[in-house]
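Going in written order, the chains are labelled A, B, C, D, E and F, and every chain counts its residues from 1.
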């Protein structure tokens, strides 16, 4: 319950599946899997135009303390994404260019943080992508235990170690590890469907028509009028 | 009162006037027309360096439901800006690249949204400009009626269908349709005045002097001291 | 107590020291001087990739009134940074491209604002850097007195006129004037240390090891397990 | 546009109608008139258990300046409610026990404020009810003009002078003056209906049944299951 | 995944255990079980001085839609607490005195709501306790499906149907159903320990001494000085 | 700079002066001393109708860690008020009924907290008044050093150990220790003036008249009109 653990080994989804999910765009993945897994609008990228997919290595920290992030580095593998959650709200800058150097050296693809990060100019220059709630210089200590690779809750979404993290300019979506292949299938279906829809919309057809919404509007009691008087 | 309507025809201001207002910069327009019409700092652009002017097509939606946006597409014309307001606060991603494709195909110039948008990477790539309160993946349904082209209130400002929307990096300003020509005249006066002021300030003259503020400071009891002890 | 003053002369730190501190990066300076001086995550840059250092010229204003900013321009010198604080929370756009023109003409390096700014597109184009809490068009009046070059509190940090302002993408850090040389020494020590650390981390060494955290984790009762059941 | 006026005479609804609307409860009135007029959850009472109805006397103020509230006192009549809106967000304590003494002496029933109030202990002791966004000691000045009895927008709702303000523990609802009698009729219908509904629910009947929602749930694809596995 | 279900039967903890946990105080329970289960400071009571314990019946709703709350009433039993979570942030007043009448008639002990409630004056008068994020009049519709008695995430805590909800003036803590008896045991241990501690502190003994913190302060490098110079 | 100290002895103002200031009402004191010292609207009482005055014993803590509060208890004397500030934003419940028992036993008059408190039902029952930013169950640790009786910044106000804290339902105002007697004199002057003003306002005289605002309104360009057309 109150036990603090560092779990060395976690199961991960197939890397090729993860890579494809990461490039599909988080809004598409979120829709394809039934509108679940979106961690919310408060987790924002510090860069623009970057899409990643990776396996979650989770960290549960005491606010203002980054000792467990250091512990987590060791268990990360190429293709992972570090997901840091705190036991209470915090704006601390828990992560900067030094830990990013370590993670890049190990092939880690990015960071998702529910507190703050710093050295953002360097992080962008290094090409290490970050999604975070805050940017803050405020330094941290290394005094209070936490855990690595335990289930965490990020913005209303449970993240299990090894779940697939997809992140782009729209934010972060979590796909359960066991659902990864299914999610990719659904995502690819949706991408095809969206391409077809886009072509029709581009040609001037209306969503109102091919989604069949005209009758629904009438059923809901919406009236068309030429002018408001 | 509780009636839901889609109004097909609205009056618009002169397009040439709208275009000029859109390029003047929203802070200048806001000042020129007497410091009214600014919708507030919570509506922010998802892109940088884009200025637009257009005629408001308004949508009043139930939170988390985008059926009325689909209904609104049909009544949009080239030069319009879609303005979406919800009946209660919402962060939903009510708008993405598919509807933007439709709107671009119809010559619509942009979107102003009091909830959220998604597919922001695509929207930027397409060149479809958006001003919004949130970025969010959270999907919407198509179940609850609303209205198109009725008056709405956005951030303390009433927007009538056909009002002129000016938007740039500073946010969004609304000019009443009937005031458009007068607003442009005032805006051009202000642009000239600002150019002259800028030249004088650039040359080193002080605002303190040519705004005549030195006497005012004294009248208000402000003292000049050489040093604080 | 309630007296309003404009102080003409302030002491400043050595300009060469200020320049070096400004280029060191605010997170590094904040760490080097003992994790003090950071004004908080609510003051954000409107541009990306700019670092400045300068001497604080402080303004204490009534919300929605910018007369004291005009008064402050006259006492600014090349190398200064204007720091504007209000007597109560405000989102007003108290500053735009006209005053920036004045400040640029006087060699001022940037603005730190606890309310709002406008003309952000122009400010970026002019190369005048700004750190602010809000972007807002809302215009101000020139009716209520305040002070220039008195001590102000910005986000929990006391700023004395002449203190060194360091600002970059991570936000704003304040170094007390008298500590500037010492701060630079500590900052340079830290930069050297960080460079060495970065090289080791880049080579794959773990922070866990060279910070000696393994034993600490054990002392704190953290257990390593191979797998969670 | 930028003209500042104090309007002495406004039309008011019938006082008996206003009184009944005030006692009906704001949630009931809001429902009865078609779910419009609610100013939002950010305007909260400083007392508990008080219901009022009254005619809006509106004030449009510069933030941090209460001169227009003083001007408004003179045009208030017994049965009025003062509604104060600022041209930009503010937390200032613009109102305290002294102005409340004036308003009580004139038969004014309460205050609705989009900034802050102070002397709350005294206001409660005096029995002068207040709905406000903030409680704050921060004092105001008397330097900048505004208007009295012009239309204002409060939390997304347009308030015309003379509109009916209903306020209780749930917040504030605005009924358009011309709709007052109709609104009372609808409210009384709803009160009767609610009483009947309450009796049936109290007796154990389910809303699911008498609102006919069982079929709707099935149509929407909701399944009943005995247990989740 | 996207399936909407209403689960009729759930397992509940022993009622006597639940009752005792409810009266122990949420801060004590939260501490006793290892500082887990607290849903956060944003969920606040609308009344003062009420403590409850009960079994969670969970509702997952579309924002602004209360059809699933109606569906949930039927599966509630005496001793339950309704826990309503939305798929996205919402301030809607989803719950009022009518549904409370139904729930009281069924012996339900209270409501925990992540959106808003209304009729708060009536709810307090009825003695139906509520913990909620917002108070809002804004009415809801009955158009979009959701689920009853599925796992939900409230403020970072996963709530399984049948989990024990403890709520008082400090907020809401969730105890996993299977842990209820153990949690009560730990809680009672803590209550005894707290009583003893309270007696010692009351007698003037210092926490510094009996928690053994003096040495720890020294180890952490804290110095005692008689005066600051 | 980074040194952590516990200062045992501080200077305090005259207790009789402090007591009178505490009973005068914080809005009155704030006005009397020139509108300074108010810590802001985010620090709110957990009780209603309590006024206190006391000498500040200050605590500077790491977020989520209450070891320094324990250290502070020992240096408190009868008539003191504990003022706790964190080095970064925090919602932790750092204080509950146990430490309150200790403080009550030592004659401490109340707590001002920039993070959170818990056991609020007990604190109210004990009659130990608290002003705080949050109510939260979230427990703290005792691992990271801080300081006692050093200057802290609370909501934009510098609090020196020994400064006079005045708190009531309007919030918290800080009076510099050396100014206490002067502040009381000014406060008593204001109380007399307010009493006279209240009598005149109660008798129906207008603030507009005896503050001489009619001419000012005209000077500012405000027009009186009988009706808006």
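Following the convention adopted for this analysis, contacts are C-beta pairs under 8 Å (C-beta built on N, C-alpha and C of every residue); 3 or more make two chains touch, one makes a residue touch a chain.
Predicted model only: the values in this text are computed from it and were never measured.
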Notebook entry, point to check: Common contacts of chain B and chain E?
Noted result: A, D
Next item on the list: Weigh E-F against A-F on C-beta contact pairs and write down the one with more.
Entry: E-F
Item checked: Copies chain D and chain B - interface residue numbers shared by over half, same or different -> same
Check: When the C-alpha atoms of chain B and chain C are each averaged to a single point, how far apart are the two points in Å?
Finding: 30
Item checked: chain A: positions in contact with at least two other chains -> 35, 40, 87, 89, 91, 136, 138, 144
Next item on the list: Report the topology of the inter-chain touch graph, choosing from line, ring, star, complete and other.
Entry: other
Checklist line | Pairs of chains satisfying the touch condition | finding: A-B, A-C, A-E, A-F, B-C, B-D, B-E, C-D, C-F, D-E, D-F, E-F
Checklist line | chain B-facing residues of chain D, complex | finding: 1-2, 33-36, 40, 87, 89, 153, 156-158, 179
Notebook entry, point to check: Which bits of chain C are touching chain B when the two form their complex?
Noted result: 3-10, 67, 70-71, 73-74, 91, 93, 96-99, 101-102, 104-106, 116, 118-122, 124, 134-139, 142, 144-147, 149-150, 161
Checklist line | Complex contacts: residues of chain E adjacent to chain F | finding: 25-27, 30-31, 35, 38, 40-41, 44, 48-49, 51, 168-171, 173, 194, 197-198, 201-204, 206-208, 211, 213, 216-217, 220-228
Check: Quick one: in the complex, what on chain D touches chain C?
Finding: 62-65, 87-92, 136, 138, 141, 143-144
